[in-house]
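Next, two complexes with subunit A in common: one pairs it with subunit B, the other with subunit C.
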Partner chain A sequence: MEKLLDVRDMHVSFRSGKTNVEAIRGASFHVNEREIMAIVGESGSGKSVLTQSCLRLIASPPGQIDAGEVWFCGRDLMRLTESQLQRVRGREISVIFQDAMTALNPTMRIGDQITEMLLEHLRMTRADARALAGEILPLREEPDKLEKWLQRNLRSGGERLERDSAELSRFLGGNNAREGVERWLLERGTYSKEQARQEAVNLLARVKIPDPEKRMEQYIFQCSGGMRQRVMIAMALSCRPRLVIADEPTTALDVTIKAEILDLLAELIRSLQTSIILITHDLGTVASCADRIGVMYGGQFMEQGTTRQIFYETLHPYTLGLMEAAPRLDLPRSRKLSTIPGSPPNLDHMPAGCPFSTRCSYCMAVCKANQPPLTDKNGHTVHCWLYDPRAAAQRELFEADKEKKHGRKND
Partner chain B sequence: MLKYVVRRVLIAAITVFVLATVTFFLLKLVPNGLFADPNITAEARAKLFAHYGLDKPVFEQYLMYLKNMAHLDLGESIANPGRKITTMILDPATGNGLPQSMRLGLCALIFSVPMGIALGTMSGLNRGKALDKAVIGLSLVGISVPSFVVATISVTVFGNMLGWLPTTGFSTPKEMILPTICLSLSPIATIARLMRTSLVEVENADYIKTARSKGLKKRRIMLRHQVRNALLPVVTILGPITASLLCGTFVVESIFNIKGLGGYYVESISNRDYGLVMGLTVLFGTFLVAANLVVDILYGLIDPRIRLKR
Partner chain C sequence: MAEKMIEIRDLCVSFPLDGKRTLEAVSHVDLSIFRGETMGLVGESGCGKTTLGRAVKGIVPISSGSVLYRGHDVARMSFSDRKRFQRETQMIFQDPYSSLDPRMTVREIVREGMKAHRLGTAREQNDRVDSMLELVGLNPEHANRFPHEFSGGQRQRIGIARALALDPAFIVCDEPTSALDVSIQAQIVTLLKEIQARMGLTLLFISHDLAMVKYVSDRIAVMYLGQIIELAEADDLYDHPQHPYTRALLSSIQLADPDAEARRVRIRLQGDVPNPIDLPQGCRFQGRCPNACPECRTKEHRLVAVSPTHLTSCSVGAAPL
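Coming up: the complex of A and B.
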């Protein structure tokens, strides 16, 4: 399977006064084509900061991306210019935020908020055409690169791609190439306000909002919680992005609406063939819909693997603790809910070694002083000292506990 | 929206009525030493009391006062016998008084509102840069330096030393420049600071991050999302600022020798001209209430949350 998004060794910090707080400390993950990748972790583990940093959305200052690469369709998003990145945001990667009430503009009509995004990405303005022509011209000798550029920037594909390349090469061969290309781009990118409006109505209908025409004229405070989140989803999917970052899309909703919204999201994602990064702290949500899961703690990934691997072949004590803490219906009600002792680490004073070492029942001397190494078992990765050959005794302890607690056996 | 407007107008009317009543009774509580001049005989004093209706029971006086006010008649000035207070304030013959004050106030308003918003916007959008620091510094000066200092200095510098601008009167455009600027400084500073704070607050709002995540261009985010929402709180302070600018100012008017209402505020009290005091208080109160009413309605128009919720 091809990696759609490949995030490598991200480091993000926040500066406040003289102190520098490292929120993301070397996190790597990837998202495959057409899959749901879930990122779980407690509040403050860095889930939102990490994903928003991928689009350079964190407020800066105080936020700052210190290092890392974010590869998306052959480009490192960290090295794009702001205007190149603007073409990725919303159009290729869009974000669904947690609370649509505050995430949508309170003084702007719902319809306008959707159409403004469609127009931004689908309508070619003179300035856009000029900028794009500047990107096309250097590619005139390299048809392969040009095709790739067309696919990426104009969503050209199949027959359309053939036609586009043919037309474009005619202009590129002409004697006033720049002007020709600009004119061609402008003609190709005509998109009227009326078209955008119609598309917005269709989108609202698609997320099952009754009477979409009427909703277009309304404001966000006139909608119920579920409706608001639907608007947010419609907006995020409006340009048919290849990746959607859903940042706790259902946390602000009550349980029945939550299920509806998740189903809707899953359905739309499938029909649009989009990938999704689902950020949540609810393991139940994840178990039912995610393909792969990454467990974050203290700005790092503790464990990553397929949903099956995470749930049935748990490798990290933190993941085990999280699953232990989830309420279960199949156990006697008199049983106390289990918790992970202690509280998430203060990002100001992170332990030198594993961030979880202060709360881990299997903590060894090495854990406190040294960053745990990465162990990869068939794509199931874990950052933990337990999988060092020298820690075999401690590891057996963990395996035994896991078996006792779950009646499960590891391979 | 209509319901909202009607309600606001009713509340405004009640406010003015309460204000007029409270002013009336407060002035009745002032130790009454009217016409206490030893040269005035008891007989003459009784005549004067009768002339101004002061011999009647207080409640009857109150009803008369209300009735007259409904006809826009504020009675006769005590300090200037024979002159109606209404004519003193409005002065249609010379154009002095309120019209003059309003001309000055209007100039200051037209100058200070766009100026304050522009400065505040520039500073809020360039936070931490030199421009921002300059605006903050200037607005601090604008708020803390009293207008008589600014007015005196500007008269000395631009009028007397450099001789660029005239320092008295308010009829030719050239004469208008200095008083307008002196009167505008403090509102400009107030508006600029509020606009800046408001912009900074909006900048951290979730919907700005959403706008960025939509891939909108910076300019559009700034104008459509940030500045528009940041303007809302600024509109609210325009009410009091408008009222205080339009109803005249003692300091600027007397320094530039502008015959507006400003002088009356001080004279009427030192002369114990109670009719004029009441008239001015009610006038200023009405302006304040009316300006706030306009702002409330304006706010309703700008902010859909208010327009549609009531």
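Coming up: the complex of A and C.
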């Protein structure tokens, strides 16, 4: 499968006073085309910082990306200029935030906000015109394909399409075709204001908001939590991005609404053939919809694999601990919750070795002193010393505990 | 049967909106909580579960109806009885950040109630602070620190220590774990259960986390728009839900198990929760109910027993699936 996003060895730190706090300590992951990649972790594990760093969205200062590459469609986003990256943000990679109330403008009508965003993101720049002209010219002899292209890329249709085709053919026939087409594109733009407004209404209808025309005139505080999140999704998908980063999109919602929003998101993602990074702290959220899962702790990935691998062939003690710590409806109430002792590490005083070593029940001397190596089992990767051949005895303990867990599940 | 610790009789709590209109957050609720049990109270945001919890504790004025503590109406208690009620009923709040005064040290926070009730000498109070902190798993040497020096889970432990310092009999736990990380939630819930067993506490456990409520509660009440719509023993409620809302609620819980998730059939509800200011006629759930019949649009349902321990307000949805 094709890798859409490939993040390699990210290091991000925050300066606070005289100290430098390392929030992301060497994290690598990738997202395939058309897949839902979930990043699971507790607060402070760095899941939001990592994904925001991929778009260079962290405030700097105090934040600072120390190292790492983010490959997206053949470009390293870390090496783009700010204005080049601005064209990627929102258009090719968009973000859905947890709290629409703070992410959206409370003093602007919903419709105006979406319209403004569409006009801004789909504005035609000189560079766009040049690139698009390059796509149009080869279609010069094939009117059918040209029409399809116009519909897809300029959202042209009906009368507008006829006018566009007529005007274009005039320029294409001229002797300086390329320059003419470029000028025409710049003048035409992608959207008129009315078109953008109509598109905004369509978007709201698409996320199943009843009576979208009326909602356009409302403010975000007039919407319920579920409706707000729908508006956020509509905005994030408006430019048909290739990748959506959804940062805890359902955390603030009630169970019934949560299930609905997740279904909607999964459905739209599939129909638009978009990929998504789903950030969450809740394993229940990802069990049904994610294709792959990465488990983060202390600014690093502990384990990455397909959803089935993570749930049924768990390799890391932290992942197992997380699953055992949550009460489960399908297990008897008499089962004692197993707790992970202690609390997540303070990023100021990270252990020299594995970040989880202070809370791990299988901790060995080596875990405290040295960073665990990466073990790869058919794409199921884990950072843990248990998979070193010298740790066979300790690993047996872990396997036995895991067996107990799965055995209990089958009772 | 065990003694009734709390008895709620036909309780209503309304908040005035703008002169004419009122919002009825809790509407004609009857509920008894027996000594030593954990009563779970679940519902979605805005259903009135927190208001009900606060009304029981007496920190929200009651519009009509009554709350009885050990058989005595709280509203008609003598001054000294009321003082005792206030000491013996405590509360643990949801947000461990805003429920602790940032300018007080942990010792002052935990000791404040004992001071207010003039329990023991200063020395005894300090000793009790130390033993309470130890009980909840904190180091008594940290008693002179301020709340901001602690993590969320530790702060929630401070809140628990504060509630326990007065040796209460009944505690209202208002979403005590929902602001915490998964691994910390388990610690706090395990701690609460241990302390309950040791001190013989009665708990009202309010939460929107249905899996957590099932885990901690003996009996569970489900609320919808200010009313209790179903009340049953924990396992019975999850195995045989009667009310269509309860069924929909339970069916939307996401399970941390891909195979179980694949088997889960979700009952989809239409629309949003109605505006509590402008309630529908008849059953409050009828607008979203898949089984609504004409009768539901006119007649308000009351809780009826389907078995001695299982009550539901829906007679229509209770038909076999």
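As a working rule, the second predicted complex is superposed on the first by the 343 of 411 C-alpha atoms of A that agree within 3 Å, B and C clash if a C-alpha of one lies under 4 Å from a C-alpha of the other, contacts with A are read in each partner's own complex, and residues count from 1 in each chain.
Criterion: a contact is a pair of C-beta atoms (placed from the backbone, for glycine too) under 8 Å apart; a residue touches a chain by one contact, two chains touch by 3 or more.
Treat the numbers as computed from the prediction; the structure is a model and nothing was measured.
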{"item": "Touch count on subunit A, higher of subunit B and subunit C", "value": "C"}
{"item": "Which superposed partner A:Q86 touches (first subunit B, second subunit C, both, neither)", "value": "first"}
{"item": "First, second, both or neither for A:H121, with subunit B first and subunit C second", "value": "first"}
{"item": "Touched partner set for A:D282, first subunit B, second subunit C, both or neither", "value": "second"}
{"item": "Partner chain in contact with A:S94 - subunit B first, subunit C second, else both or neither", "value": "first"}
{"item": "Partner chain in contact with A:P106 - subunit B first, subunit C second, else both or neither", "value": "first"}
{"item": "Partner chain in contact with A:R328 - subunit B first, subunit C second, else both or neither", "value": "second"}
{"item": "Common interface residues of subunit A - those touching subunit B in one complex and subunit C in the other", "value": "none"}
{"item": "Residues of subunit A defined as touching subunit B within the complex", "value": "52, 55, 57, 59, 82-83, 86-91, 94-95, 97, 99, 102-108, 116-117, 120-121, 219, 221-222, 235"}
{"item": "In the complex with subunit C, residue positions of subunit A that touch it", "value": "42-43, 224-227, 254-260, 262, 281-285, 287-288, 307-308, 311-312, 321-323, 325-330, 333, 336-341, 343-344, 409"}
{"item": "Residues of subunit B that touch subunit A when the two form their complex", "value": "204-207, 209-218, 220, 224-225, 228-229, 232, 302-305, 308-309"}
{"item": "Residue ranges of subunit C in contact with subunit A within the complex", "value": "44-45, 151-154, 181-187, 189-190, 208, 210-212, 214-215, 234-235, 238, 248-250, 252-258, 260-262, 264, 266, 268-269, 272-273"}
